[in-house]
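Below, subunit A partners subunit B and then partners subunit C, in two separate complexes.
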Partner chain A sequence: MPGVRRLQLPAGVQDLLPAEAAAKRRLEEMLLRLFSSWGYREVVTPTFEFIEALDVGPAASSEELLYKFIDREGHILALRPDLTTPIARLTATKLRHSSFPLRLCYAANVFRYEAPQAGRMREFHQAGVELIGADGSRADAEVIALAVEALQEAGLVDFRIGIGQVAITKAVLAELELQPEAEMAVKEALVGKDLVRLTGLLAQYSVPPAASRRVEGLFGLHGGEEVLERATGLLAGTPAARYLRELEEVFIALKALGLQRYLFIDLGILRAFDYYTGIVFEGYVPGLGFPVCGGGRYDELLEQFGFPCPATGFALGIERLLMARDKAGVAFPPSVPGYLVAGPSPASLLREARRLRQQGAVVELDAQGWSREEAEKQARERGLNLIWVDD
Partner chain B sequence: MDQYLTFALPKGKLSGKTLELLHTIGLPLDGVETEGRQLVFTFPEEELRYIICRPTDIPTYVEYGAADLGIVGKDTIEEAGADVFELVDLKFGYCRFVVAALREKWEQAGSLEELLAMGHRRVATKFPRVAANFFRNQGLQVEIIKLHGNIELAPQVGLADLIVDIVSTGRTLRENDLVEVAPIFPATARLIANRVSYRLKHRQLAEMAAKMRAAVEKQETGTVR
Partner chain C sequence: MPGVRRLQLPAGVQDLLPAEAAAKRRLEEMLLRLFSSWGYREVVTPTFEFIEALDVGPAASSEELLYKFIDREGHILALRPDLTTPIARLTATKLRHSSFPLRLCYAANVFRYEAPQAGRMREFHQAGVELIGADGSRADAEVIALAVEALQEAGLVDFRIGIGQVAITKAVLAELELQPEAEMAVKEALVGKDLVRLTGLLAQYSVPPAASRRVEGLFGLHGGEEVLERATGLLAGTPAARYLRELEEVFIALKALGLQRYLFIDLGILRAFDYYTGIVFEGYVPGLGFPVCGGGRYDELLEQFGFPCPATGFALGIERLLMARDKAGVAFPPSVPGYLVAGPSPASLLREARRLRQQGAVVELDAQGWSREEAEKQARERGLNLIWVDD
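Presenting the complex of A and B:
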């Protein structure tokens, strides 16, 4: 007897039925079309690679998240946990002589060995862009503006993008001059937004009160433009001040585009902290417990592939966007009318079907030789218009 | 945008202190009780909704954004491994995670390493994740057996050699001839928030957290003799 597993799927993967697959396809097409209109060109990278090429990216901050296996030559391979890392490798090798800045985009599936009880999918889909070879606030503002348009394109109205700047947090942390383990613990507490642990750690490592206030103060810096002013006060005279100016430039550029109502600043947004180097951002939709998109500046990744080069980008979670659309009641426009073409003569059916298809219709052929009565019943069940061809 | 704040409150041993705290910071509580059949309480004027949950489910409700906020023990948060923001240590509901063994075996062995070396490697617990993390971090290999309650029974009937459990006074351990052989970490109740709610409803959440923090501090200084 075949095991029960023959009919089951492992945890974290799913089938998409026709309606779901159609929604996913249409959303991806819309996004890729948008990216392409901004000059981003699509690339496709392999589903698996050598582990050495993948364990440097944002999703691999914990190596346990990688799906690993061994090929017959004994090399360790891994399934891609994101597209940013493969695209960095591709750029550093095959595209290093192209004109920069380079704009690349993708829509693909990714794999992460998430804890099963969290209910997260282990295979899911992302669409995103990478803007490689451009530093400075213009590039940061471009990808954030594109993220706003992508969420609009996805049919969402009620969303916000929170912008942070991890370089500020890094500078404030460096100033504490902690031992490596202590710094690691403080970082963990900051990234996990574990204020309770953070306060405990700052006391445990005897961080002076003024510096402690700065670290804890970063958490509370949330809001519109006024946050920049409050942050200026908090960071005045520290090395972090110059990174705050970058954030200000980005915000002003986006405001000039009229995007202010979608944006807020939150210096508590850190994402994959070790990997990002500057402006970071996340997109949120009310009622959905997870961000729908995220990204930021990662100026040190390409160096890992021997090609030092600044870069920024973002990825949208396709499943999460579809969920957000569902919640907001956004429907795709109705599909083209469908026909069932039936009748006694197969040759006539094919001719009629071709004629209708040339007009853009979706046509199903009767493959069974139904009677007129049966064909009418079948058409009703499928929601199709019956075309009965007599001769 | 839905401005209602959904607050997950625990049934059971943390519920008394939780309601007390909500009362202290001036939240509406008319008719709210945690052990009855009604599980949702809505206060339209304050745009506030309470949902009553089993403590072990609260990190899940909050992680998925079904609740914006929740009050739950650190023990439960750790075991759930949920990705939530931990905003305030509410200081009540104190307990500790410990490793415990039968007194007799412990006295023979003298150390955890020795005990495991003697082939005693089965650990019974309600908290498999916490237990697995602890032993892994110590570089010790054990076999975890997940049970749902009365863990102290397992060593007595030979199902396990060690247990990982939470203790508050240590009385249950003593009554069952068990001794604590290693502390894991202490736990108290925490205010947790969904990571998206924390950004989108920041003002309301930050205000609530500040009030709770102030109430907790006030209580602490008030009880110091």
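Presenting the complex of A and C:
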């Protein structure tokens, strides 16, 4: 008997059997075709890189997510936890003489060393876009409009995209003048949407009541256009006010595109990756406890690779989209008719199979030399039409 | 300035820029469509597994090829060096109640810790098929016929597939009754096609002259149908004779399919992976110093996962096929027309873009609010047709 670890998979990774693999392939092809029609061109980056190229965020916590290993030259390598950072490196090193804005996209697997749970695997697949070299609300609106079309393309109807602005949170936190660990703790409470912990921390660090109210007030702000008004009140006269105006501009641009019914504003959206600097967003479907897509503006990431340049983008979670499709009862169209071609003469079989394949059919050849009775049984078992070639 | 390891890639891995990524994507889609039309269904396996599941061969040398790392539970994990072994595990554990023969395929990346050189990267891409649960010459002929179609589908004309039979080599080596290290050394010389070393080793281990002549004679045997006759002479009366008859049967079946002009026989083909047990083959194109595809029969691999079952299959090297296409001057058809849609009103731009995309065009939106003059310049730079929307 083979040992148990020969037959099992490590926690958090999975096999995709034919039906699941086919759904994934079709969804990725549909999304890449959509991205391509918007002018985004696919790139491929290595599965692993030097840790120095992947661990570029200021947050120490991100390194814990990495699968790390040491090569025989003693360098630390890591499996990529996302594609945004590798594409920033690629752009800074190999595409810096392109025409900007540059539109790039991908469909690839990523790796995060997290506790596996529903909707969160340690290896999973993303499809996404990066719009590099464009600042301003038109660019933010473009990627959000494209995210809406991507979710529609994925067959979803009942979805919403929440839009936030991390620059507001960052400015409001900076005002509190906390020590680094204290700021990190507050940020974690915000990212984790843990209001009880947040209130406790603000008290513990003796944050003045007015500032505390501002942080807590922003944290809970989500809804339609009216949220912008209430935030304007909360932020009046603070440095964060101008970041709120950016958010307003993007919202107005998307409203002009007729997309308002898919959108809401949520100033509590922070995104776990620390490279975001401005407008951020996440897509939700009812009944799934995690976003199906997320992204935003990251104007300081390319600078980490020696090429200062504004950028924005988003990624869709392929497994999550497939779960959302299943939940919503969306099916891919049935596949083409299938045949089993069998009979005594292999050469005649191949000719007949070729003819059928040219008409778009899926054709299995009998590889065993079955009798007619056996071939009939096998065709039935597989749901195939038997073509018996007798000559 | 960012450190040098932030900007560089580890040896043996690479970025694919848009033109290369597009060629790879199109080739993989074409191959998967072909495999699907033959009844092969795609599966996806994890990028890494427990080392016990990947290192199943009897050859100690294969473990050196693995990228290994240790997870936080202390298990040794490794990046997959091929898909045949993971698909054997998947079949044995999750598809053993299917109708056999079972046809599975894949397009995926694999990892081998080898010295990088032309045509040999440490991370590279393969597309391939596995025909599981079928023994006999029809099955061997099916996968070789499919390999011919795959190379044609890839746009190649001037290619040849060499067919060998490792069971002959194994039987002839067994007859020599060498010690394990000696047999390993002889095998390495055979795999490395190092005739000088082979002759030296046979002398060193005092192999009798008749047996030495048999090993050396088989080693050099390659050519057309006449090779079968000469091998029959060399192997007459030895246990290897019946494996030669299997090879003959497959060759005759493929000849009946009209594929003879693509084929030759080469008893020196051994393949590096130690799981092969019978008919093996490799595809070559002129001017490339390495095969573009390879595969064969591996009747003992599934048993390693507790499910004894004959099987055969092959993998194509995607990067190698793309190099062969380039060398042969094969180009993908030009892509669809591209437009840059610009103008003062984002909502009007999106409407116009949507109209053009529905007609199959690639459309970039102006994300910057360019003036008409700037938009004209940008469209020229990118080779796009400018659509200026004025309302």
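In this section, the second predicted complex is superposed on the first by the 377 of 391 C-alpha atoms of A that agree within 3 Å, B and C clash if a C-alpha of one lies under 4 Å from a C-alpha of the other, contacts with A are read in each partner's own complex, and residues count from 1 in each chain.
Convention: contacts are C-beta pairs under 8 Å (C-beta built on N, C-alpha and C of every residue); 3 or more make two chains touch, one makes a residue touch a chain.
These numbers were taken from a predicted model, which means no experiment stands behind them.
When the shared chain is aligned, subunit B comes close enough to touch A:A115, but subunit C does not. Within the superposed three-chain model, A:Y67 lies in touch with subunit C and out of touch with subunit B [touch as defined at top].
By the touch criterion defined above, A:G289 reaches subunit B but does not reach subunit C. In the superposition on chain A, A:T47 makes contact with subunit C only, while subunit B stays out of contact range.
In the superposed pair of complexes, A:F264 makes contact with subunit B only, with no contact to subunit C. Of the two partner chains, neither subunit B nor subunit C is touched by A:V191. For subunit A, the partner with contacts to more residues, out of subunit B and subunit C, is C.
Shared-chain residue A:R160: touches subunit B; no touch with subunit C.
With the contact threshold set out at the top, not one residue of subunit A is in contact with subunit B in one structure and with subunit C in the other.
Residue ranges on subunit A touching subunit B, taken from their complex, read 115, 117-119, 158, 160, 162, 192-197, 220, 222-223, 264, 266, 269, 282, 284-291. Subunit B contributes residues 1-2, 62-66, 80-83, 85-89, 190, 194-200, 202, 206 to its touches with subunit A in the complex.
On subunit C, the positions that touch subunit A within their shared complex are 1-3, 5-10, 13-18, 20-22, 24-25, 29, 32, 36-39, 41-50, 52-53, 56, 67-72, 75, 77, 79, 86, 89-90, 92-95, 99, 101, 103-104, 109, 111, 113, 123, 131, 134, 136, 138-139, 141-142, 145, 253, 256-258, 304-306, 338, 345-347, 350, 353, 357, 360-369, 378, 381-382.
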